[in-house]
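Right, one structure below, let's go through it.
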Amino acid sequence: MVSRIRQRQIAKLLTSGKRLDGRSLTEYREIKVEPGIIERAEGSALVHIGRTKVLAGVKVEIGEPFSDRPNEGVLTVNSEFVPLASPEFEAGPPGEESIELARVVDRGIRESKAIDLEKLCIIPGKKVFVVFIDIYVLNHDGNLIDASALAAMAALINTKIFNYELEGEEVKIKLGYTQLPVVNYPISVTFAKINDKMIVDPGLDEEEVMDARFTVTFDKNGNICAMQKGGGGTFTKEQILEAIRIGREKAEEIRRLII
Amino acid sequence: MKNEKRELIDKDGLRVDGRKKDELRPIKIMVGVLSNADGSAYIEQGKNKIIAAVYGPREVHPRHLALPDRAILRCRYHMAPFSVEERKSPAPSRRELELSKVIREALEPTVFLEQYPRTAIDLFIEVLQADGGTRCAGITIGSLALADAGIPMRDLVVACAAGKVDGQIVLDLNDIEDKEGEADVPVAMMPNLNLITLLQMDGLLTPEEFEEALNLSIEGCRRIYALQKKALKEKYISIREEVET
Amino acid sequence: MVSRIRQRQIAKLLTSGKRLDGRSLTEYREIKVEPGIIERAEGSALVHIGRTKVLAGVKVEIGEPFSDRPNEGVLTVNSEFVPLASPEFEAGPPGEESIELARVVDRGIRESKAIDLEKLCIIPGKKVFVVFIDIYVLNHDGNLIDASALAAMAALINTKIFNYELEGEEVKIKLGYTQLPVVNYPISVTFAKINDKMIVDPGLDEEEVMDARFTVTFDKNGNICAMQKGGGGTFTKEQILEAIRIGREKAEEIRRLII
Amino acid sequence: MKNEKRELIDKDGLRVDGRKKDELRPIKIMVGVLSNADGSAYIEQGKNKIIAAVYGPREVHPRHLALPDRAILRCRYHMAPFSVEERKSPAPSRRELELSKVIREALEPTVFLEQYPRTAIDLFIEVLQADGGTRCAGITIGSLALADAGIPMRDLVVACAAGKVDGQIVLDLNDIEDKEGEADVPVAMMPNLNLITLLQMDGLLTPEEFEEALNLSIEGCRRIYALQKKALKEKYISIREEVET
Amino acid sequence: MVSRIRQRQIAKLLTSGKRLDGRSLTEYREIKVEPGIIERAEGSALVHIGRTKVLAGVKVEIGEPFSDRPNEGVLTVNSEFVPLASPEFEAGPPGEESIELARVVDRGIRESKAIDLEKLCIIPGKKVFVVFIDIYVLNHDGNLIDASALAAMAALINTKIFNYELEGEEVKIKLGYTQLPVVNYPISVTFAKINDKMIVDPGLDEEEVMDARFTVTFDKNGNICAMQKGGGGTFTKEQILEAIRIGREKAEEIRRLII
Amino acid sequence: MKNEKRELIDKDGLRVDGRKKDELRPIKIMVGVLSNADGSAYIEQGKNKIIAAVYGPREVHPRHLALPDRAILRCRYHMAPFSVEERKSPAPSRRELELSKVIREALEPTVFLEQYPRTAIDLFIEVLQADGGTRCAGITIGSLALADAGIPMRDLVVACAAGKVDGQIVLDLNDIEDKEGEADVPVAMMPNLNLITLLQMDGLLTPEEFEEALNLSIEGCRRIYALQKKALKEKYISIREEVET
């Protein structure tokens, strides 16, 4: 836990528009994207935001479609806060933070229709491709949502599916690979509110003193495809609208790192 | 969301259940409906039927979860197996776990937690029948159950969603609109303090559409707030009557 | 926990044939049955016994029969002691009290053949209706077994199944509904023994001081179809036989509330 | 229960295993069969093979379960995966959880729990082979394991079922009779105090038939009680022999 | 826990080549094998090593083969440390000791090809026999691995499978039974190291003071088919090689008890 | 194991990945790769990509697990869902639980646990990509992560497997060799003290073949030990450079 002294220090700096690590209020830490580092996965990417490290891996398998979407492939997003990444993380089934993160990332991808799921149908109602995105947090230094959403998208862009042909209802694997049909590029931008100041990309020390968190996800056309408020604090309407204005620009910048 | 299978708004501008775009569903709220709980409330909003109960402040188990300087607020949002079209397993789903978290965080800002160090305040929300917008309705009665339990609060919290259906921004989506519409924006707020305590969105909206939806949600919240106050008052009147007779 | 003083008070009253709330030893609290309150479920009923409130919901789905009963539908009874209902209840998988309750309710329905399960067969050995009864305790003020058994039966009586026709082995849903084939009406009557006195329909305060509990379930013909002794106490043979005599009458009375 | 597929009682009044209506299956009981447990017992009743062990009085984990004024009795009834026709998952089923509860409550009345405040007495019953009537046989040896562990008791507890098969009331149902018969009434009692500590019933009986079955169960209990005492005595004799030689 | 005094006593005796119960360092306790005691199981055996008692039961069911072994039956080994067997055992899902034990027993049987799994194929890729070996520890007085491995093998040798014939793809059970095709007989021998002395078949008191444990499993030809080091201590290469020399002889002796 | 489908060693004595029989796969080791952990290390060995982190000595939760006279070493070996051909469920498998145990027992002998009574030292090993021999590679970097965390140790622990492939004893099996070969012998040791801390075997070997495999494993360990020391040194050099500049 960051001490109260640290908290006062962070808050005081913010009133003069500064942050502990020298960033401006609307400045991200350095972002680095390393796609394709897990050769055995169909897709993968390691994203660094400052010292935060998140690895996303994509596996593609053949499975059944949902009964109400017989012509569409299936997308599932799962997230693991492995205890290696932080002294606060514990082994065991995903906690609420991890589930929330996975669901926010999932919504961004799903609502922006980032994957053309109809192209993943093999036999309508019977066989489709199931895309598993597994988010693996390796080092938690704040802003896991943005890092995870970016790693997931970079991994999807990087994903290849084996070619196949049908013999009756049997799927026969053929030589070669095809790119996963990625057609939109949602990008999450997360804000923290500390003593009524809005800052972008909170580091862990800032998250520990923040009042509340707000994530907004933009698709490639600048439309909003997901939002999530977190933490036990509040926002004014004006703060939300300002965050959306700033977030839209930030999303544009970050998107350039992956396409 | 978003497989436009049928027309959700007709040529007269009316929705599948006959409502106008900025119209709430019929709402019935009751406070103090359970004898065991320290506080409780019940809501019918459209076909939603949801009940909430508060126990606490009470001892924390396991004890290492207690905080030395304030109470912990815990929340469990849960759906009855028969509340939805296809029977739901009683084990909490990932969706229920997420909603439990965001509901708790929507109510936390209003509770003077520091008045009850080392205790827990437990809020249980049971969805008996679901018809879209259960998280908002759950927050609306969750804050009433807290009030009924006598927990000191800065303000009530009230929640309402707006969304986009057939290209138009509408208030308080029902189940069909939620599933087949284009976007859903659930909002919770403390109406007197004008502060937003829950904000989520899924679907696809331009920033301008979002602003319109946000404004409409806030308007819906204000209308439900009036119903909240009325329900609280009715409880107190009935208690006074009991005492006086 | 009810204090020892309360316990002595309850016991003392019982020796003079009285109870704290003024009831006689063989008198139920007021029973109210509200059928059909969950429109989305195929059947439902809310039962009040005094301040005890139990909601039962019935869902009907298509599933596979048991391999040793290929011509019969499937009945499953589940019970949830949701923490909303009592400060003693905890979230999590059902505890032994909850499992016992569900199994006692299940036995009463099953052994009295309350549902004509053969009528729920769609394709022998392959497709049958599966009837899920979910018992939801909303407020626990004693005698959950009787309230749950009654709610379950009232919900079953209230249950409608969609009409269907078969196209090959596909089940096509048709317009309209058919009543679930309910052909018997088991009713549970529960006794508590406190200081050697037998009382019917114990309230929570009485359950907290009782030595033992005894439930007997009667079908519409006055035959016994289930029994369950609970609690760490004992009964004499005479107490059991007396309870059966009284219970049979009580069951008749209660049954009139639902048919 | 109750799909009358075959004749369970033949024209000479004999049952599928050749027994008369009021005849027990062959029973073999041994006390003190495990070296680690504080007390143990083993029974073969028909093809049932069941073993029970008691540990305690011992410390309670987790500690908050301990009671200040008496011991807690805990019981686990469990079936080995290979004990039944189709392999059973080792995870406890709902049936096993219910039986663990009623067995505990059948034995609780006899134990002087107040002599060991803040401790636990653990009884483990493992069904190695099941042939109908396992809960009763489990209670019968459970009370012997408690006695073998030196736990002070008011009386032994002994259990036996009666039931209805082919329209007739019979004693000590085996697996086939249990599955295909019309009713089963398991009963446990403290034979010297004449008190019933377990009573369940499933099937369909008139009150008169029930009374007949109850009386027959009690008669069965009395006969098994003689075997219990014999088994206990044998254990003590063998100990005395060990000591004296 | 064995006290330090006991530990010193055990260690001191060992330096003069003796053990508390009078055995030599390479001597097993008395081994007794009782096959076939669970008539309802397809196979079973109760093994006593001294006061250690382990019961193994075998159930055979029809199931699906693994997709990479379409022509082979399936073997699964499971172990339960039921709380009846030791004050240290707790109810619940298997702990790491129990899982390790099951996996070591499994490896011995699998790697020695003790069962001719191809003979357990019914319809390639679709239906095979699944052999479940359940190991049930009844009394834990040390050396559970050797007792379990022996009980499992004795139970397999004792296993009979029902005869069947195929009607199309339906399996029809016929009269009579066939012996499970057991073609090799792996035997485990376990050593404990205490103060640099290697002893065979450690009793519970010896296990409580041992530094480390080493198990080696030999097939009928004297080849090694499994090894497992356990415990937080070490071995020298020489100790391992010596254990193998001794173990090979012991395995021969023990094997004679079951074939 | 052991379905000889393809030739694993060609006529020139080269293996499927072109290695000679006694040749290690390319190995890259880095120490101190994670900022949160007290110690960490990363290895690539063939296509294996594995990361390890140590937290501690730290408080033990739940507390009753703490030991009065020494630290407890805990270890979790875990595979990422995407690390293997077919997606692995994130819940720990029986294999992962066994490996967690043997890895812990392979490292325990080297740590001076008695220096930190009542604490826990937690080692987490995450397999990001698996290519055969992950337990050995995990031990190799596990001991580096312990060293990086400043935990006092008797020696490093280093691990390597040998095995039998196409009838020949070879070093450091990759995934294909592990699955299709005849035997695998993973070994861990403290190289300076010449003590074996892990030894497992599956497959089929004569005692003579085993001895050959054991000797080859030990030889492999010694070579990897040199790489361990180099990686540790590089970490310290880079720290010194940081400090000095």
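Order of writing sets the chain letters: A, B, C, D, E and F. Residues in each chain are counted from 1.
We adopt the following convention: a contact is a pair of C-beta atoms (placed from the backbone, for glycine too) under 8 Å apart; a residue touches a chain by one contact, two chains touch by 3 or more.
Everything numeric here is computed off the predicted structure, so don't read it as measured data.
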In contact with chain B and chain C alike are the chains none
Farthest CA centroid from chain D: chain A
Taking each chain's centre as the mean of its CA atoms, the one lying farthest from the centre of chain C is chain F
So, in whole Å, the Cα centroid of chain C is separated from that of chain E by 48
Chain C and chain F have mean C-alpha positions lying a whole-number Å distance apart equal to 58
Averaging C-alpha coordinates per chain, one finds the centres of chain E and chain F separated by a number of Å equal to 27
Expressed in whole Å, how far the mean CA point of chain D lies from that of chain E is 32
Residue numbers in chain E touching two or more further chains are none
Among chain F residues, those touching two or more other chains are none
Contact graph of the chains (line, ring, star, complete, other): ring
Starting at chain A and stepping to chain F first, the ring reads A, F, E, D, C, B
Residue positions on chain B within touch of chain C in the complex are 34-37, 40, 47, 49, 51-53, 55, 58, 76, 78, 80-87, 90-92, 122, 124, 126, 128-131
The chain E residues in contact with chain D across the complex are 37-41, 44, 51, 53, 55, 57-59, 61, 78, 80, 82-87, 91, 93, 132, 134, 136, 138-141
In the complex, the residues of chain F that touch chain E are 1, 94-95, 97-98, 100-102, 104-105, 108-109, 183, 185, 190, 193-207, 210-211, 214, 218
Counting only contacts in the complex, chain C reaches chain D at residues 96-97, 99-100, 102-103, 107, 110-112, 212, 214, 216, 219, 222-237, 240-241, 244-245, 248
